[in-house]
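Some structures to go through are shown next.
The two complexes that follow have subunit A in common; it is paired with subunit B in the first and with subunit C in the second.
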Partner chain A sequence: MARESIAGLIAQLHQSKITRREFTQRAAVAGLSAGLVGNVLAVHAAKAQDLPEAATIGIPGTPHTTDTSKGTIKLYSSWPFTGAMERIGGHAIEATYMCLEDFGNAAGGFAIEYEPLDEGIAANEGRWDPGKATENANRAINDESCMAYLGTYNSGSAAISVPLTNVAGLAQISFANTYPGLTTSFEGATEEGEPDLYYPTGTRNYMRVCPADHVQGDAGARWAIHENGRSKAYILHDNSLYGKGVANVFALIFAQEGGEVLGNDGYDPRASDYQSLMTSIADAGPDIIYVGATVDNNAAKLLQDMRGVMSADDVTFLGPDGLNTDTFVQGAADAAEGAWITFGGFSADALVELGGPGADYVARIRERLDLGETGQPDSYAVYAYESMVVVLQAIERAGAADRTAILDQMFGTEGFVTLAGTTWSFNDEGDIDNPVIGLIRVVDGVLTFQGTAN
Partner chain B sequence: MASSMPTAPGELASGSILQRIMSGRQENLLLCLAISVFALYPLVDELFDIGRLGSMGSIMIYVLLAMGLNIVVGYAGLLDLGYAAFFAIGAYTMGLLTSPKSFFIKEGYVPEWLQHFWPALAVSWVVAAIFGVLLGAPTLRLRGDYLAIVTLGFGEIVPNFFLNAEKITNGTLGLNPVGKPSTFTIFGHKFAFAPTDQDNWYWLILAICVLSLFMIRRFYNSRLGRTWQAVREDEIAAASMGVNLVRTKLWAFALGASFAGFAGSLSAAYFQYVHPANFEFIVSITILSMVVLGGIGNIYGVIAGALLIGFFDRILTEELTPPLNSLGDALSIDFLANHNLTQDKFLIFGLALVLTMLLRPEGLFPSARRKAEFHPEEDKISEHEQQQMYDIREMDEPAVGERA
Partner chain C sequence: MLLVLLAIGLIYGAYDRPELFAQYIIIGVANGALIALIALGYTLVYGIVELINFAHGEVFMMGAYFALTVVATTGVTTEKGWLILAAAAILALLGSMVFSSAINWGIDRVAYRRLRHAPRLAPLICAIGFSFILQQMAVYWKGGNPLSPPALIPSEYRAYNILQEWFGLETRIRIRPLDLAVVLITIPLLILLQWFIQRTRTGKAMRATAQDRDAAALMGIDVNRAISIAFIVGGALAGAAGMIAVYYINSARPGMGFRYGLYAFTAAVVGGIGNLNGAVIGGFIIGIAWSLSDGFLKTYPGGHFSWWGAQWTPALIFGLLVVTMVFRPSGILGETTAEKV
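Here is the complex of A and B:
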C-alpha cells in the first residue's frame, strides 16, 4: 500500500472524515513519529472542543486547549436568580454554564470552575440586596483562585461591587448593567464625579458587553424623528434608575434633533389604571409616547390604557429593552400590536434567521431551558454567554492564574465577533465601541425583529 | 405537714429576691457567653475559611431592627406595618449628612463636624425617634387594624418621598458613597472600615447591637416598660390605674423608631449605598415575621427569630446545596444532583412561617406572659401560691361576731 500523505491525513482528521483511532493507525503506517501524532491529536482535541458553533465567536484565531495541568481557576457570578428574578437570572446562569461547557470547562491550561452567587434575598422578594452584593464581591476577592467576577445585573449593585473589585485588582464584567455612569460621563444621564468615584485605584477593571442606556435612548430618539417621522413626544418613566435614565437621554436627544418634548414624567408603577393620565397626555397631542420602564413596573397596563385614547396609527409607542419580553406582549394583549421596542442587539428569532453561531446558541439554550422550538430565552442571556467567552479567551491568552494579566487581556479584547456576527472592541472606559441597537415591533402578537436602529 | 406550713412573709420575700438575683445573674452570664461567641465569629470564619462574615453583618442589622420593632409590637402591643420607614429615615439621615452627593452638603448646610459617621449616627438615632413621635401622635386614638393601616400608609409614603424628592435625596440614583468611621486604634489593633474590612464592620455592628440590647432591657425593666405591658394587656384598665396612655405610646413609637434609625444609618455606611428600593413594604413584613416567629415580647426570642430568618435567607440554602448535590450524585438521583436549593428559598420560607403559626403560634421563644395567653390550660397556680392566698384570706376575714 502506498504511503499516504501526512498532511492529507491531518486534514481528514480535522474534517472528521476519519476517527482518531484510524488516524493513529494510518499515521504510524505513513511513518509519522509518536510525538508528532500526539501533537496532532492534541490540536485536534482542542479544535474538537470548539465544535459547538456558538463557541467559535470571540476574537478570531484565539487558540483553545482543554489541558488542565496548570490547576484550577474559579469564576464567580453575582446577580439575583430567585423570586422575581428567577427567569432573567436563571437564563443568564444557564447561558454561562453552556458557554463553559462549550469550551470544555477549561482555558489556558486551567480547569475552570464556575459558581453562581445569588444577589437577591427572600426579604426583598428575590431582588438584589446591597448586603449580598458586598458579600458576594468580597467572597470572590478573598478567593485567591478567583480570576474574574461576572456581574452584576443591576447597575445599583455594580456601584457597590465595582469599587471593591477595583481595589482588589479583580476583573469584573457585566452582561446587563446599562447605567452610563458606571463607565462614562454623559451630560443629563450621569452624576457629578462619575465614573471615577467607582475606581478608587484610578485603574479601570470593569467592562460590559451590552450597550449602555444613553446609547439606547439616543438611538431610539434619532429613529423616532428621522425614521418614524415623529416630532412631538411625551415621555414617561417608572421612576427606576434604568427607566428614568433611558427616558432622560431620549428626551435630551429628541429635543436636540429638533423634536418637541411635551412632558417627561414619572408614573406610579403600582397604580390600578392610567386612564386619566393617558387622557391628559392625549390632550397634549403627542405623536409618540416613549415609556422608559421594565415590564414588572406595570408597563403593559400603561400601554393598554394608552390605546384606549390614542390609536396605534396616530401615536407610536416606543419603549426600551426592559419591555422586550413576551410577558409585556401578553400583558398588553391586543393593545401591544404595533408597539416598538429598542434592544441592544438581536432578538432570538433574528439570531435564528442570521444562522451560524447565533442560531446554534438559540437552538441549544432553548433545549437546555426546555422552552420548545419557539420559546424566547431572556434577551440578556446572549450577553451572559458572550461575557463568559471574553473571560475564557482572556484566560487562554494570559495562560497564567494572574489577576492583572487576565484583567489586561480582558480589557484588551479587540475585534470580538458576537453571536450575531457584529464586531466590537472594548474602549478605554470598558464599553463596547460598536453597540448595535435592534428594533423590534409587535406584529400579530409576536415580537418581530425589524432591523437595527443605529 | 411540713410542706403545707405557711412560709413567713420575710422568708418568702428574701427567697424571691435571691431567686431573682440568681436568675438575673444566670441571664447575664448566658448573655455574656452568647456575646463572646458572636464576637469570636470573625476569627472562626477566618480559621475555617467560611466566608460568611458579610452575611453575618447584614443579619446583625436585622437583629437590631427586630429588637426595635419588638418595643412597639411586642412590649406596647401596637401593630406597626411601616417600620421600614424609620429604617429609611435613619439611612437617609446618614446619607444626607455624610455623602458628597447630598444636597445639604453641596449647599453647605451641614457643618463640617457633622459630616462624619459618629455624629451622624447619633443624629440619625434622634431624627428617627422624632419621626416616631410624629407618626405616633396621630395614631394615639387608633387600635388594632386601624393603627396597622395608618402605619402601613406611613411605610409607603416615606420611601416614595425619598424617591420623588430627587433634588434633595438624589431620587432613583440613591446616595453613594456614604461616610464611614475613620480608622482608630485600640490596644494596638487598628480598626479600619473599608468595605473589605468585614471583621471590623461586624464588630462595630455587634457592639451597637449589644448597646441597643442593654438599653432596651433597661427600658423594659423600668417603670416605662411596665406601663407598656399594662397598655398592651388592657388600655382601659391601664388608664384607670393612672397610666398616661399618650406618653406611654409615644415613648414606644419614639424608642422603637430610634433603633431602626441606628440600623438604617449603620446599613447606609456599611453598604455605602442608600436607595429607596431597599425600604419597601416587604422589609417591614420581614422584620415583623422575625418578631412573630421568634416570640413577640421576648427580646431573646426576637433576636433568635431575626438570626434564624436571616441565616436561612442568606446562608443556609446556599450552604446546603453542595451536600444535597453530592447526595444526589451518590444516590444517582438527577434532580437532587442538579438542584439548586437557593431557588426554593421562597417555598421553604413560606412553609416555615405557616407551620410555625399552626404549631406554635406564640413563636419559638415567647415571653412567659405571651405563652400563658396562648396556652391557658398550662397556666397552673402553684400549690404554694394557693396556700398563701388561702392563708391571707383566713387572716383577713374577721371571725364571726368579731365586729360586734
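Here is the complex of A and C:
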C-alpha cells in the first residue's frame, strides 16, 4: 500500500473527513513522528466523532481540545474506597479515570490531573470519617491548581465539606449525595436552616448529578401504595443524614397517599443481630418495610433477620439507592431475593438495552474492572462518569484556570444529555431538573432493572 | 424510681404478651451465651494479669473468619449427610479455637509479656493497637464487606421451630435448632472451663498466679506459662464463639468484634471482672437487655417509651455499665467469690 502524504492527512483532519484517532493511526503508517502527530493534534480541536461514544454525552456541541499549552488543572475527588466501600468507591474512581482518559486528560487548553482521596478510615471499616472529610476538602482548597472538587459519596460528609469549599469559592459536584437538605428545603425531611447553613457566603457552589431523596422517597412511597398495593409501612433508618432523610420523605408521602405508618425508627448499624427488632416489627403487622440506609450500615443483616420472621410473599422490602449494589445482595444472600430498591437512574443492563453511549460506557467499564460480559459495575459509577463530563466541559467553556469562571460554567450546565439519553439542566439550587427514578428488584440473586417509578 | 417503673412495665408486658416476651428472652439467652463466651476471655485474662485485653473482640472476629475458611475449604454442602455436616462443623469449631488461641498467645508473647512490669496504660494502649491491626488484617484477608458463611445448615432448618415440630405445640414462640445449638455448645464449654480452672494442676497454678504472682513464682510455678495458658484458653473460647456467631448471625464482617467485644467487656464488668461465674451471668444479662431494648421496650411499659428505638440499645447497655460501676464497682459477683479465677 502506498504511503499517504502527510499534508493530505492533515488536510483531511482539518476538514473533519477523518477522526483524530484515524489520523493518528494513518500518520504513523505514513511515517510521521509521534512528536509531530502530537503537535498537529494539539492545535486541532477535537470533534465529537473523535471521542469514544460514551464521551459524546453532556451539552451537545461543546468542543473539546486536547491542547495542554495553558498548563495543568488539578481535580480531587473525595469518597471512601477501601474496606466496606471498596467496590462502590473503587468503581466510581475507575469511571472517573475512564472519563478523563476518554477526553484525552485535557480540557480547555489544560492538562487535567486527577487524584482520588480516600475519605474512609480503617477503624471505621472503610466508612467515611468526618476528620478525613475535612482534611480532604482542605487539601483541595489549599491547592491553587485545583479548580473543582468531586464528591462526596455520603451526604453527611458533604455537609462538612460544602461549607469549606463554599468559602474557598471552589466548585463541588457530587455523584451520589441525595440528602435533600444539601440543596433545598423540604418540610418533614430537612432540618431548620438547611440548605443555607451549608453556604456561608450566600453563593451556591455545590451541585449533584443524581436525583435527591425527596424525589426518590416520593416515588418509592407512591409506588408502594399504588403499584405494589401496600398500606401498612414500618420504616427504619441508619441514623445517617441520608438514611433518615429518605426515610422521612417516604413516611411523609406514604401517609399523605393514604397509607399507615406503623413506626419510623433508627437502628444501630453496628449491631450484629436484629432478631428482636424484627420480631417486634413483625408483631406490629406491616406489609412493607422501608429501610433508609447505605449498604455499609449493616442493611444486609437487617434484611436477613427480617426474612427470619417475615416472608417475602407477605412483606415487601423496599430500600433506597444506597442499597443498590451487589455488596448488599451478597451480604443478605438468600434473604435478598425479591427485595425492591429505588435508584435515581438506570442499571447497567438497562443502559446496555438502551444502546448508544450508555452501552459503550458499560462495555468499557466492565472491561476495565474485569467484570466479564455480564458483571454489574456499581450503579453510581455512571454518575461519577457524568459528573466528570460536567467538570471537563465547564473547563472547556471557561478556558481559564479560574475557580469562579469554572464554577459559573458548571452551574450553568443546561441540556446535559446523559448516558441513558435523558436530558437535564441544573436548577438554581444545584439539583437536576429532570430526575428519573428507576426500580430494581433482586431476581435470582441479581439486581434487575424493572422500569421507572416516576 | 425509673428502674422500678421499668420493671413494673416489663412484668405487665410479660403478663399481657407472654409469648412475645418469651421470644425476646429466647433471643436474649442465645445472644447472651455468645457474649458470655467472649466475656470469659476478658475476665480470665484480667483475673490473672489485670489487663483489659481490648483486642479480644477482634480475636473473636478472626475466629469467625477462620471458621468460614475451614468450612469453605472442606467443600461440604448441605446435600451431604448429617455426619459429614457435623464433622465439618466440629472441624471448624476446633480450627477456630486453635486459630484464635494462637493469635491471643502470639499477642501476649510479642507484646504483653514485655510489658508485664510497665505502667498499666502501656499494655492497654497496646491492646487497642492490636485491635485495629487485627481488624485491618481481616479486611485484607477477606475484604471489608459482610460475608455469608458457606451453607452448613439445610435452609429448611433455619426457620424450623422445635416447639412446633418436635413437641406439636401451637405457639408463636420460636426456638430454632440454631438457638438451641448456641446454648448447647456454650454450656459444656463453660463447664469444661470451670473444671479446668478448679480441678487441674494448671488451673490451680493459674489461680495461684492470679492471687499473688510473686508468691506463686516462689512456690515454683512458671508464672509466664500460667499467663500464656490464660491467653490460650481465652482465645479458644473466643474462637468457639466466633464459629458459633458466624452461623448464628449468618454473617461475618471485620467490625463484628467491636460491638460484641464491648458488650462482652460490659458483661464481664457487670458480672464482676475476674470472676468466671460473673462473666456468664453478665453475658446473659446483657443479651437479654439487648433483646428487650431492641423489641420490647418500645411497646411496654404502657407505650410510654414509644419514642424508643433499637438505636438506643447501646446507650442502655453502657448505661447499665455506668450504674454498675457507681453502685457496685466490683460487679454482681465481685465480692461474693473469695477467689479470682
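Miscellaneous remarks
Quick note on the criterion: the second predicted complex is superposed on the first by the 395 of 454 C-alpha atoms of A that agree within 3 Å, B and C clash if a C-alpha of one lies under 4 Å from a C-alpha of the other, contacts with A are read in each partner's own complex, and residues count from 1 in each chain.
Just so it is clear, a residue touches a chain if its C-beta (ideal position, glycine included) is under 8 Å from a C-beta of that chain, and two chains touch if they have at least 3 such contacts.
Everything quoted here is computed from the prediction, not taken from an experiment.
In the superposition on chain A, A:I57 contacts neither subunit B nor subunit C. In the superposed pair of complexes, A:D265 makes contact with subunit C only, with no contact to subunit B. When the two complexes are overlaid on their common chain A, residue A:Y274 makes contact with subunit C while staying clear of subunit B.
With both structures placed on the common chain, the touch criterion links A:G156 to subunit B but leaves subunit C unconnected.
Once the two complexes are laid over each other on the shared chain, residue contacts for A:N239 go to subunit B and to subunit C alike.
Contacts of A:K301 after superposition on the shared chain: subunit C is touched, whereas subunit B is not.
Once the two complexes are laid over each other on the shared chain, residue contacts for A:E125 go to subunit B and to subunit C alike. Once the two complexes are overlaid on the shared chain, A:G331 sits against subunit C while remaining clear of subunit B. By the touch criterion defined above, A:R87 reaches subunit C but does not reach subunit B. Shared interface residues of subunit A, touching subunit B in one complex and subunit C in the other, are 82-83, 86, 122-123, 125-126, 239, 266. Listed in rising order, the residues of subunit A touching subunit C in the complex are 82-87, 122-123, 125-126, 239, 263, 265-268, 270-277, 279-280, 283, 298, 300-301, 304, 308-309, 327, 330-334. By the touch criterion given at the top, residues 51-55, 57-58, 61-62, 100-101, 163-164, 170-174, 176-177, 194-196, 198, 267, 270-273, 275, 277-278, 280, 282-283, 286, 309, 313-314, 318, 342-343, 345-346, 349 of subunit B touch subunit A in their complex. By the touch criterion stated above, subunit A contacts subunit B in their complex at residues 81-83, 86, 90, 117-118, 121-127, 129-136, 138-139, 141-143, 156, 159-160, 163-164, 167-168, 191-193, 197, 239-241, 243-245, 266. Within the complex formed with subunit A, the residues of subunit C that make contact are 20, 23-24, 27-28, 31, 132, 135-136, 139, 143-148, 155, 158-159, 174, 245, 248-251, 253-256, 258-260, 290-296, 298-299, 309-311, 313-314.
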